[in-house]
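Next up is a structure, given as structure tokens.
So that you can tell them apart, the chains are marked A, B, C and D in the order they are listed, and the count of residues begins at 1 in each.
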Amino acid sequence: MNDIAELQKLLDPLFPGLMGVRLVAVAPDRVTAEMEVRSDLCTAGGILHGGAYMAFADTLGAVGTIVNLGPGKRTTTTDSSTKFIAGAPLGTTVSGESVALHRGRTTMVWQTSVRNAEGKLCAVVTQTQLVLDGRGS
Amino acid sequence: MNDIAELQKLLDPLFPGLMGVRLVAVAPDRVTAEMEVRSDLCTAGGILHGGAYMAFADTLGAVGTIVNLGPGKRTTTTDSSTKFIAGAPLGTTVSGESVALHRGRTTMVWQTSVRNAEGKLCAVVTQTQLVLDGRGS
Amino acid sequence: MNDIAELQKLLDPLFPGLMGVRLVAVAPDRVTAEMEVRSDLCTAGGILHGGAYMAFADTLGAVGTIVNLGPGKRTTTTDSSTKFIAGAPLGTTVSGESVALHRGRTTMVWQTSVRNAEGKLCAVVTQTQLVLDGRGS
Amino acid sequence: MNDIAELQKLLDPLFPGLMGVRLVAVAPDRVTAEMEVRSDLCTAGGILHGGAYMAFADTLGAVGTIVNLGPGKRTTTTDSSTKFIAGAPLGTTVSGESVALHRGRTTMVWQTSVRNAEGKLCAVVTQTQLVLDGRGS
């Protein structure tokens, strides 16, 4: 499943939809997306909330993993580590690029770089996805 | 500032408000809160989205830090690490307890345990807050 | 396998032996150990090297996992996150206590607190251990 | 200070020296080094101990930060997060490349990729270094 419209439709009723995550490109080793820095995604001071960075990135890494899953498999995030580097102000748009550092049978590791409108690196999120047998198996 | 109503009022128009974070108790070394697992906070399969855990916890650790800030100081999260352990299903409520592991002049470290309605540990988030001189100084 | 002398004998020819890690107590949900802050474990300034904290803790979490493994199973660390809080000076002894946050069939999560001689928290290390079928299976 | 021989001389009596870390190249935005997988750096099964990866990487990120410090400044690691991906067997040599993700006045973020002799990615370590005023100031 790497049809963007299908994936976007899957995300829209879920938390990524609430935040306004828009997928831009999806390939087996790279996922990109955008998100507008709305006021209800900010923390005090009118900059994107740390949690919004993490949720945005978590979404991209999970989408990247799903694209690589074999039939009957599912995935869950086991770990996520974030370094916050710079702020993204209200009214701008952040872009995220998630690349696969590892795509194994048991685990996958994705790293997402979130940049602000000027292209400055704002946050780096590295996450581990466990690959599991599907529900019911 | 450790008046819960004041802090809640600060959070409501921001990302924690969008997610429905409700502060329960705020003390200098411990912050607790609740959040309902709404459908628009979930990931596929009807369980709380990993990003929602992280954003919930980030909020508690930041509130805990703010309560400890001296006059003219502000804070920003520099690092956050999460271990995901169990799921919290749609329609239930998760509770978070954030405790201070360290409260120094330059950094504070807060650890948040998120539990589901049965009290099972779902996620542990450990974050570092940098303490900075206020804007304009 | 939770006989301390046996476990210590396993560690001695390996990296924990090079560092002088001494197991103190081993139970299925808690492992404690000590390590002397020798000069060749320090960084500049005569304090314990950050890497030594992490290697010390990694050892405790792995030992804790091994004690819980079923027959024919093995383990590998997939993730480790550390917050450094205070220094431990040359010539003192640090103590580590690793507790199980989660002991599942697929993953275990252990958190190790490293304290200096005065009992002050120096570092907190949280690690995920993947449980795998043994080699050859 | 970015003279390799000088830096190596600084490391040799410390923990990196005990492990046999050899600096290969040092530039303000990139540090590379090698380390032989000796038996006393291994864990059970004859592969490099997780702690040795982390200590190796921590050294590179700290060296990279030191090279960028202004006069009268010092640094300490506040956070380190590692993803373990593949093993490095006894008798081989691992190489590490640490690149600066951020070099600010207050914090620097370095990411180290450790690869085995075949060039396969074994571990990724992302660390935050706090920049402080020197001792005595």
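Throughout what follows, a residue touches a chain if its C-beta (ideal position, glycine included) is under 8 Å from a C-beta of that chain, and two chains touch if they have at least 3 such contacts.
None of these values were measured; they are calculated from a predicted model.
Centroid distances built from C-alpha atoms place B farthest away from chain D.
Simply put, of A-D and C-D, more C-beta pairs touch at C-D. Averaged Cα coordinates give chain A a centre that lies 32 Å from the centre of chain C. One inter-chain figure worth recording: chain A and chain D are separated by 28 Å, centre to centre, where each centre is the mean of the chain's CA atoms.
One simple way to say how far apart two chains are is to compare their mean CA positions; for chain C and chain D this gives 20 Å.
Touching of two or more other chains is recorded for residues 78-79, 81, 83, 128 of chain B. Residue ranges of chain C in contact with chain D, taken from their complex: 10, 13-18, 39-45, 49-52, 54-59, 62, 74, 76-84, 87, 135.
Of all residues in chain A, only 78-79, 81, 106-107, 128, 130, 132 touch chain C in the complex they form. On chain D, the positions that touch chain A within their shared complex are 79, 81, 83, 85-86, 101-102, 104, 109, 111, 121, 124, 126, 128.
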